[in-house]
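First chain A sits with chain B, and in the next complex the same chain sits with chain C.
What follows is the complex of A and B.
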């Protein structure tokens, strides 16, 4: 017969394993028989719990609910104020005091902006144009303006093509048939599409055109601003009062020279009364002040601009694929509103598609984006077929298994038509001469510390994917190797 | 029955003697030419005192035994008598050592070295690359438990022999070294030289990790297309772009060739570095003289590292499960 002592120790064996673990952990962890000596492999490692320290040897342990100043809350630095970080993110810096002044840099002016002799040169943007471009939000945070003393642009091959289009438009404006030139800027990522659009805007400002720019199409359709159905429209359209007011204010600031002189010549139906002898500037100011009147004011402004003798108009938009699909806004049936049902977008797309012509001639420019672009199969298809027409290759076939957005297809149908004047302007890589020119500008600004010779230019040109200007800047200015 | 056993044993003994003497003949003949020989195993210069005391034994193998000579007189009984008086002398003096073949090899090599020691040499680095047999292979060949250290001493002699100026290398030494070389030597397998095809393209293939790349290089001005995309489109990181064209960049040829690449498998790092090798090989077809420069740039050697396999009982390749006390 075993002794009582022996039995007790056996029972103790199974007890002391349970005695130290809490009830919860008993369920969580696999129980191991106490008389097994093999290690329980793959068992969850037992975490030490915080605050489960043993009782102090001396004194009493008291509850301390105050936040300890030393251990957990070390950084007592000042937190950024509300909105400060966003402002930092969105800030556009156009000059760098540490960069050297480039002595050979010539400014673009009204006289020389249309000349083809500028090809391959880096040209500075004059101060008033920079202000106007800032007003229409043509500069982006992702562009490298902050590296140089003042904004300057490379007059690349595509820029010269664009400038020639401006010249054509101006020439036709003098004649009887006023042409509306419509172009979509496409090309690879970081290829300089937005900068080319900016060059177009600056040309328009220099040539004293009237400029309306939609700085980012995403902002129109992402349902961040208020919207309301437009009365008397069928099918129903939606106005965006706040956004339109903002657009009016940008336009007013950017086209200051025009508004100084412009007067009201027509009779407009407005929800607010205009003071007598009001100028066009006052009309727009009313639209800015009363957001609900902004869309009628915009229409009134457009009517004024349509009168004969008014300047040519440049309509520009950035991030085209956002407005070539359903917007984020919902209608009364909680269905997505198509972007073309928003009044501002409709206004732009009508002119881009050729449904309406600019009354005094001018240009409609739309830039696509490759980094911030929702998929728009119809837009991609139309652009591809336009490229196929240019290269005289076989036209692409529509993939029947993708959902087709017929409104986009119809709006851009001129792209597939060789006779229509809607076309793509492909922004490709720089040539080696252009790359050399811009790299010499980098070097003269002191941002590229290397001798600019043929082998160096070719190396950077190759590494930048055959002259992709964004990559070229990234390789030579942003990264110091 | 006993008689029959003895007769069998005898005939076997005679057979082996005959065979051994035939084999050893050539060796003894050579040895007689190479007098004087020393018995010392060490390759260091022996001290003069030892040389004085050492007596050079002229050594000859035993003559084959002639059983027929006495046949007429005593018949079979006479043969037995001769065998009784026979004192067998082994073919090699190292017969009674523990490793006779190794000792013989070592002695013959050191004798050979002494003979050709005065010939001009070239530095070890310039000597032709030879893959010598490993000690394991030598042990299997000789069937003797040769010590590694001893074997390495022999290798020292062989390397010294290999350093003789190639133009003055005696045929004798070449023959002697052959016994210690591996059957296949480095440089035996020569890859087919690349050709530039009628369109001016040179092809190269490279691999890294699980990626493989094919590169075609034509004369041009630095345009690069990889899988039909430009370098920036295909490789997002600047580092990878530089890796892909590193062979051209390191040799300053980036502006002289156009490159078309097809890459598949693996991730972007593997693909970029597979391109490095492929481009280097294609470049060597155009300009074979660039090989040393490319080797210095690290574009020649294939990096053999791959993902280590996971083992049973481990969580990853090497990670073990957490140790739990109970």
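What follows is the complex of A and C.
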């Protein structure tokens, strides 16, 4: 309840005004109803003129409620996690559930893989081999595995040649002189070099060889992994610990059957102490876990493999021209390190060049690439001269105006020597019978919707540049349109 | 004012004419009266020399020869057939001089067949060193044989021609249309690559589940058949969402400056074009999850799959157009029947 005093003064307010009704007071206090409490002296509120406010200071963010054109297109969703996009791009799909099962497809096995009766047939790869090939990264994203129900390969003429080499190596392993067969796979782009290497790897897995595969030579030399000088090496060499650890892990996974039984027979000098009664598997596991120990572990593994009674070894590499030149790594003088000074590359090249032999026999396979290959004039020259030797044409002359990489020239000098056993294996075009065989496989898988008859096979065979298998697959399965 | 009457029609239309007097005067304005003026050519039947033997056209050589032969009691050339020029000028040296060069050469040559020209000293064929000279030409021997039909250099093709027989129309029409609508800045090969990615994605994607609320075209194959035939997959998706009509707005026709909405039927190609553009717009608005240059093709394929599964927003667009079309049906004014 308001106090009486307050109320009285309220009622007096208007009376006061009427009492002093002078002009001056009227100006001072305008007339209002005596109970109005509104501020009567206020002028009528003026409408604010637009745009009278000062422009915002530079660099100050203002609230912008207008719709901007770009805002609707901006994708505000959650970004994929780091590495996810690349993983998706590099994902290898080996099966297509929509493709039809090919009833006539037979699997390669330990018994039939070396048989020449397979020539011209499409053969399936058994599951353990597929797993092992996946472990050594033999499949590539550019190859068409994702179209078919399961991986299968065509036993083409070159594959049979390769298989015969495997047979030779196995036969010699039984005797006193254990042969190391060395081959470089060459041929046209999309001609099937990588797939032939994969066939070699699968043969080795089936025949229970020990397989070490360098899946992509570019990854060794492009300076994406760490490197360190190797102590006590002269001229100085460099180890790549992370890469070697990765290679060991791939090798361990791929040669599971071998590592199940293998034991350590020798004494090794390792930076890490081995537990007592350790198996070879544990030794490799130590190398994988401690990247610093990976190179000594690799050497120890090699020593174990060199003992008599061990299986034959397949050393394989893909993209040879990357390791036949300077790498991207720099030495202390900021000069490029030659790829042959990297320990892993050195290990491979020594066996490819014949400087070292595989102790229990085996094979060294290197595939060249035509789509991802830096120019290596020395390698090209050596390959050309090997081809000239094969076709008995004139040997090529070295172009004196190109810089020569002497280390590559020396490493591959056996290619120009007809007596030496380093040779090229040229992967050419398919014959029409082979083309027909693989096209029937395409058609049976439901990926080629056409009757496979002579004229159709011939048409596709000629469109594929006289049987280039990559082009054949492209124009019969992929059909770019 | 007298009524306008077609006099001649009047006389014709009345079949019953009891009195000839009822007829209008014979000299009607409409009847053609012989003209009073005469032209020069009219008055000279005597000048017509057409029946005179001298004015007859000269007989054809062979006819003449036949007549001569008849007179002489010999057997002349057959008048029913034309005579080749060579026969006419045979033995006439003067006439032979005026013949075209080709015919002169042919006469000189006589019956001998000419030797083939242009045997090159170098080879125009690339051969592989380890294989024979077979270039993969289909039925190479058959082509070199003499064709059965005269006048053809090679054997006639068997009809009907195969679907991909024409180089400019060798792809499926729907695939071609999508490719062309995918193309930006005239880069067709880029569009073709995206198209190939799309078809590849459709081919490897799992079998779609059809939403019964969004029926596909009647007579569509079961969904299990679709991934193995990606072109059919694409065609089915496009044809299923293709609108039947478009709404044409005629400015000011509704009165008061308002536009009159008129439904307008579309041709098959137009319908497909609309559907493809809807699908491509929806695909380009999809989120790009991967990386690399094949992303657009994948998103188009995902959109096609969602169309088939009835999840796509494209169906809404189609339904909206059809609803508008039903409403605008009232605006159609058909021409009156008489």
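Assume the second predicted complex is superposed on the first by the 401 of 481 C-alpha atoms of A that agree within 3 Å, B and C clash if a C-alpha of one lies under 4 Å from a C-alpha of the other, contacts with A are read in each partner's own complex, and residues count from 1 in each chain.
Everything below uses one rule, namely that a contact is a pair of C-beta atoms (placed from the backbone, for glycine too) under 8 Å apart; a residue touches a chain by one contact, two chains touch by 3 or more.
Just so it is clear, the model here is predicted, and its values are computed rather than measured.
K.L.:
With both complexes superposed on chain A, which partner does A:468 reach: first (chain B), second (chain C), both or neither?
P.N.:
Only chain B is touched by A:468; chain C is not.
K.L.:
After lining up the shared chain so the two structures overlap, which partner does A:479 touch, if you call chain B first and chain C second: first, second, both or neither?
P.N.:
In the superposed model, A:479 contacts both chain B and chain C.
K.L.:
Counting only touches as set out at the top, which of chain B and chain C does A:391 meet: first, second, both, neither?
P.N.:
second
K.L.:
After lining up the shared chain so the two structures overlap, which partner does A:146 touch, if you call chain B first and chain C second: first, second, both or neither?
P.N.:
second
K.L.:
For A:96, decide between first (touching chain B), second (touching chain C), both and neither.
P.N.:
It touches chain C, and chain B stays clear.
K.L.:
Let me test your reading of the model: by the given contact rule, A:61 touches which partner, first (chain B), second (chain C), both or neither?
P.N.:
A:61 contacts neither chain B nor chain C.
K.L.:
Please indicate which partner A:190 is in contact with in the superposed arrangement: first for chain B, second for chain C, both, or neither.
P.N.:
So A:190 only meets chain B here.
K.L.:
When the two structures are overlaid on chain A, which partner does A:86 contact: first (chain B), second (chain C), both, or neither?
P.N.:
In the superposition, A:86 touches chain C alone.
K.L.:
Go through the superposed model and pick first if A:234 touches only chain B, second if only chain C, both, or neither.
P.N.:
neither
K.L.:
Using the superposition on chain A as set up above, list the residues of chain A that contact both chain B and chain C.
P.N.:
After superposing on chain A, chain A residues 429, 432, 455, 458-459, 461-462, 466, 479 contact both chain B and chain C.
K.L.:
Which residues, counting only chain B, touch chain A once they are in their complex?
P.N.:
221-224, 230-233, 238, 241-242, 245, 249, 252, 254-255, 321-326
K.L.:
Spell out the residues on chain C that touch chain A in their complex, using ranges where they run on.
P.N.:
Going through chain C, the ones touching chain A are 128-131, 135-139, 171-172, 175-176, 179, 192-193, 195-196, 199-200, 203-207, 227-229, 287-292.
K.L.:
Which of the residues in chain A end up touching chain B in this complex?
P.N.:
17, 32, 39-43, 45, 188-190, 429, 432, 454-455, 458-459, 461-466, 468, 471, 474-475, 479
K.L.:
So in the complex, which bits of chain A are touching chain C?
P.N.:
Residues 75, 77, 80, 85-86, 88-89, 93, 96-100, 146-147, 391, 428-429, 431-432, 446-447, 449, 455, 458-459, 461-462, 466, 478-481.
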